[in-house]
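Each of the next two complexes has chain A plus one more chain, namely chain B in the first and chain C in the second.
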Partner chain A sequence: MRTLLNIVLGLVVLGGVALLAFIAVPVQPTPPQQQVAADWQPEEGQGEYAMRLADCAACHTAPGGERFAGGRAIESPLGTIYSSNITPDDETGIGGWSLEDFRAALYDGMRPDGTHLYPAMPYENYRKLTEEDVRALYHYFIEEVEPVQNAAPEADLPFPFDQRWTLRGWKWLALDEPGFRADTDDPVLARGEYIVEGPGHCSACHTPRNAIMAEAAVDTSDEAFLSGGEIAGWTAPALRGPGSAIAGWSQEDLVAIFSTGRNAHAAVNGEMQLVIQDSTQYMSEEDLAAMSAYLVGLNEGVLLERSEDVTETEALIASADPDMPLGARLYIDNCNACHFANGRGADEVFPELDGNSLVTAESPTGLISMILGGSELPSTPKRPYSLRMPGFSDRLTDEEVAELASFVRQGWSNDAAVVSADDVADLRGEAEAKVE
Partner chain B sequence: MARTDPKKDVVIVGLGWTGAIMGIELASEGLEILALERGPDRSTVPDFKYPEVIDELEYGIRFGFMQRPKNSTITVRRTGDEVAQPMRRLGSFLPGDGVGGAGIHWNGQTWRPMENEYRLRSYVEEEFGAEAIPEDMTIQDWGVTAEELEPYYDRFEYMAGISGQAGNINGKIIEGGNPFEAPRSRDYPLPPLKQTVDAKLFAEAARGMGYHPFPRPAANASEAWTNEYGMQLGPCNFCGFCERYGCINYSKSSPQTCILDALKRYPNFSYRVNSEVLRVDLAPDGQTATGVTYWDEEAQEEVTQSADLVILAAYQLHNVHLMLLSGIGEPYDPQSGEGVTGKNYSYQMNGGTTMFFRDVDFNPFAGAGSVGMAIDDFAINQIDFGAEGFIGGSYIVAGNSNGQPIRGISLPEGTPEWGAGWKQGIGEWYGHSMSIGSHGSCLSYRDCHLDLDPTYTDRHGRPLMRMTFDWKPNDIRMTQFMKRKIEEIAQSMNPDSWQSSFKGEGARYDIRPYQTTHNVGGSIMGTDPNTSAVNRYLQAWGQHNVFVLGAGAFPQNIQYNPTGAVGALAYWAARAIREDYLPNPGPLV
Partner chain C sequence: MTPKFLQTSRRAFLGGSAAAAALSALSEPALAQRNQPTLDQYEPVYLTAAEWAFVMAAVARIIPSDGDGPGAIEARVPVFIDRQLAGDFGAASDLYMEGPFAPEADMNLGTQSPLTPAEIYRQGIAAFDAWCRSEQGAALGDLDPDAQDAALQALADDEVGLKPELREFWTLLLQNTKEGYFADPRHGGNAGMQAWVYIGFPGARANFHEWAGRDEAYPLGPVDIAGERA
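Let's look at the complex of A and B:
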């Protein structure tokens, strides 16, 4: 009896010590992945360019706030996380951080004091950054950015997710090997792959999350990688495989969408607008071409299921039959002017609805939000026009939006599930708040 | 209350077509530019948002996008011996208000004048003798030629994404286009619009009579278009709400769709709305402008804004008003014929014939501002002025711009104007009528002019501008000629009935019914400082740092809608400023 008690007591003590060690013993930060000379200095503009590739601005700038001063609310399924201040302010930012501190944040999701960062910071992907890019970013944020004093709010997560120390265990399970290893010998494709897998952190949204909420894959070689995910309730479409949103797109189509937010097929929506606004429009022609070539390669052999014949949907709309179903009638009254009876819109101005990934997304949240609240494209040097689709929330009831959304989800070659008025009701308040 | 703002390189008065063109052309030079717009800001969404803007009562009848006479108007008289009265309600013409100006609410009819229209006096004298010009007719040459302006028309048309069919490319006549047009260097950027039923029937009839129908050039995009600034148009869907409305669909060329978002990207460009320029300030010696004084509506105070260069880019009437108020150019005196500012105000001579066809469905609800088929067989360069007894010409056109319910329904003569009979007429005839229109020249005359009114003032205490204008026998003879030609075509189409509306002998100008917003002249261009207000680069003769854009420059009106020429002249002046004036500021002539 006493022996058993001693064993139990011993195990408890051991467990306690292990837990203490788990919490308190410092994590060993990942070392540099390449040798770069100690006196290496980025070229003029290289730091800023690395920042654009990694799109630091989108998350680390609050709407209407100072650039990189943090405080942007990031909705996660567990609660709201606020991005941190990454200006070199000593008190509230990253002033005084060493290169090692900075690298540990990017690679290991650690602050200098050992605090674990929530994986809203995509260190799963930034672990692939080259040492040169790390150094360039460090130089940019420490030397080139002006310090701004702004304390970001604390994350608002329920227990036990507010216990940051538990993330150490999550990282054991979630984090892959650091460093980037190309899946190809072609240097152009490899560059594209690097941008997508590493700094571009495309998979943070476009790859599904697994049971522990980590990215299901972080490498091109795994077919789950870029097979579609979710962001703020909107579907981030698959970029490869049977449901690929970019199947059939040419390299030029992809370059156009990255540099201008629009192309012959689609216009970017939701969070992707921030990516265009803050990141991809600034990429060099070479990098855009490389990233696009890589993505075209990912979609080789994926066929478009779209017929060039007049579809039943188009014939129904063109019939102008007064007895046509409500959804079709609403389409004529509200959408047809720009998107046309064939659902093909017009190049670079009015997106196609036939085969549009927002329309056919598994979650109808994006589509419903778009119908209710509209959308405005970012202005870029090549396409300065902030083309804007108006919202229809003041004009259509929940039932009507549901009928309309269901109609376009099943129109032409689309084949997505219908939408209910309840789905719309849930999103209406959000859309209206956004307009105000 | 008054304030003085920091100096700018350039101040632009008005942010419509010409202000936007000059803004972006000069912004690309890196100059610090401020544009002052008296009206509010306007964008496609929300200001032209579907379906709110498709409201004929609000915008078609109550003029939602137009200037308010209580804020800005003129006085009008027909002859020098009448006492001018203030125009207290808009009617004959509709100047716009707000960002985009009239460029948001036009139909989009985008023409180039005939070659001889730029040198009308010389042309008439050479071909028909100086005695063919009546004593009181004050037509002049522009001081520029079609050939010189061709690259600037080309630029404007490609910037604005015009849909059309060329008829003469570098002298080669192109089948299906206008064979009488001045040579152009290449085709239109976009193919012509699809045609409405009335246009097709008209074209067939005209062809049958040996005429040469061609699609009316349109600033309603037939396909998606991206212009030199990266700005974009979407294809027109024939909603039938162009004139008096902003386009819901990004399909009508306007400063908004073609320039503004690109212009706003320049950090050296800014604009202020609700800021009405009161006068151009001149240096003590009067030889240059020092800037402008404007009324800041929000701050409720006068602002002195100095600038090295002043661009007057407001509507024609307002440009001339500012010149008169500011002492730019000698005011024109109709008694002596001396002076230049306010000289040769002119308008447009239009008429039309409406036909009723019981058995034809015209589907008028599908229309576009500049859809249609036209003929130029009776253009100003096709008519023997000696034989016909008038100087002028017209294009003739059929094309359905709208089928709006309040103003867009024609009824046969004799239909009651109200009550059950009217209702019955509407039921019977909606969708069963079409019109053939004449859009003709209006020349300039010694007494038709603009000056400051001796009695009435505006809300800022400034004298209103006074318009003296009446129809003249020469132009009435022109329109009567067109009436005969149109009625021949109409009769050949065998309508159930038809009726004409053309100015007849003795017709007097009536400010009340809408006619056209093609007010021209008053700041006319030319080669002689004694007979023109600005030189051939639209630079004020007396103040080299003032440029005056717009249709005020036309020494008499062309037979076409003015916007094409207004746009081309803006690019022409912009080139002169960029390449010649900026390196060496001073008179360009």
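Let's look at the complex of A and C:
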């Protein structure tokens, strides 16, 4: 009996020591992935360009706030997380961080004091950054950005997710090997792959999350990578495979969407507008071409389901029959002027609804939000005009929005589930709460 | 002749409509339009009782109710005019209103009155009703239709002795009556889109190009900016 007690006691003590070690023993940060000379300096503008590639601004700037001063609320399924201040302010920012500290934040999701960062910071992807990009970013944020004093609010997560030390275990399960390894020998495609997998962190939204809410895949060789995810209730569409939103798009189509937010098929919506606004529109022609070529390659062999014939939907709309179903009638009265009877819209102005990933997404959240609140494209040097779709919340009741959304989800070659008025009521309530 | 810069441009009208749509949170729900007070219950925002009586009488002669389609009264044109005069249009918010003014200058030189449209209505109605009383024995609203037509004809022919500052009165009244008849119902006139139904205009649907050039009537009734169908 005494022996058994001793063993149990011993195990408890051992477990306690292990737990303390787990909490208290510092994590060994990931070392540089390439050798770069100690006196290496980025070229003029290289740091800022790396910041654009990594799109630091989108998350680390609050709406109406100082650039990079953090405080932007990021809704996660577990609660609200606030982005941190990454200006070189000594008190509230990253002033005084060493290169090693900075790299540990990007690669390992660690602050210098050992605090674990929530994976809203995409270190799963930033682990692939080259040492040159890390050094360029470090130079930019420490030497080029002006310090701003602004303490970001604490994350608002329920127990146990507010226990940041547990993230050490999560990282142990979730994090892949650091460093980037191309899936191709072609240097152009490899550059595109690097941007997508690494700094561009496309996968943070466009890849599904697994059981522990890590990205299901972080590199091209795995078919789950870029197979579609969700962000703030909106669907981030698949970029490869059978439901790919960009199937059939040319390299030029992709370059256009990245540099202007619009192309012959689509207009970006939701969070992707921030990506265009703060990141991709600043990419060089070479990088845009590389990234686009890589994405075209991912979609080789994916066939478009769209029919080129006149669809029943188009014939119904064109008939202007007063006895047509309400959904079709609402389309004529509200949508047809821009998106047309064939659902094809107009190149670079009105996005196609036939085959549109927002329209046919499994979750209708994005489509309903779009109908209720409208959308405005970012202005870019190549396409300065902020084209705007108006919201229809004052024109349409919940039932009408549901009829209309169901109609476009099943119109032309689309084949998505119908929408209920309750779905609409919930989203309208949220939208109105935000306005107030 | 309508002074060009008193006319609401289509671009400004559409822009204003789009802006109004964007401010949906501030606008009344579209459904509220159905429960409007009748014209005799309507409480004018800008016009006095005497001015309201004049506008009711004048628009009823400009677009009478005994023709094929709805008259200005059925279309609630007086409501449109009252609301316009109470708003930016009446206050000349979009017009250059600094001097020098030369009210007696040639009409081809455009509007020269220092008065806003709301002031032109106020002074114009008073002066014209005074002329009606002295020539016909009663204010316009109290005359019989033939006498009203004769009086309005005299006004249109500039034969009622209005001072130069008021010479746009008739063109404004005529223009605003047409606008109230055909404008989107959100502005108070064209009640129930009756004017659009009458002329076969499909309203704010904005596109029916599948039907352009076809030698048959477009089958759908109009839709207004609030999304109502008629």
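Heads up, the rule we're going with is that the second predicted complex is superposed on the first by the 431 of 436 C-alpha atoms of A that agree within 3 Å, B and C clash if a C-alpha of one lies under 4 Å from a C-alpha of the other, contacts with A are read in each partner's own complex, and residues count from 1 in each chain.
The rule is short, and it goes like this: a residue touches a chain if its C-beta (ideal position, glycine included) is under 8 Å from a C-beta of that chain, and two chains touch if they have at least 3 such contacts.
Treat the numbers as computed from the prediction; the structure is a model and nothing was measured.
Colleague: Is the arrangement of chain B and chain C around the shared chain A a clash or a fit after superposition?
Modeller: In the superposition, chain B runs into chain C.
Colleague: Report for A:R164: first if it touches chain B alone, second if chain C alone, otherwise both or neither.
Modeller: neither
Colleague: For A:P322 in the superposed arrangement: first (chain B), second (chain C), both or neither?
Modeller: second
Colleague: Is A:P390 in contact with chain B, with chain C, with both, or with neither (first, second, both, neither)?
Modeller: both
Colleague: Just chain B (first), just chain C (second), both, or neither: which does A:E348 touch?
Modeller: first
Colleague: Does chain B (first) or chain C (second) touch A:I332, or do both, or does neither?
Modeller: second
Colleague: Which of the stretches 290-298, 344-352 or 416-424 of chain B runs into chain C once the two complexes are superposed on chain A?
Modeller: In the superposed model, chain B runs into chain C at 416-424.
Colleague: Under the contact rule defined above, give the chain A residues that sit at the interface with chain B and also at the interface with chain C.
Modeller: Shared contact residues on chain A: 334, 336-338, 340, 390, 395.
Colleague: Give every residue of chain C touching chain A within the complex, in rising order.
Modeller: Per the stated touch rule, the residues are 18, 21-22, 24-25, 27, 29-30, 205-208, 210-211, 218-221, 223, 225-227, 229.
Colleague: Chain C touches which residues of chain A in the complex?
Modeller: The contact residues of chain A facing chain C are 317-318, 320-322, 329, 332-334, 336-338, 340-341, 390-396, 400, 432, 435.
Colleague: Under the touch definition given earlier, write down the residues of chain B that touch chain A in their complex.
Modeller: 43-46, 49-51, 223-224, 226, 229-235, 237, 239, 248-250, 257, 261-262, 264-265
Colleague: Which positions of chain A touch chain B when the two form their complex?
Modeller: By the definition above, chain A touches chain B via 334, 336-338, 340, 346-350, 374, 376, 379, 381-390, 395.
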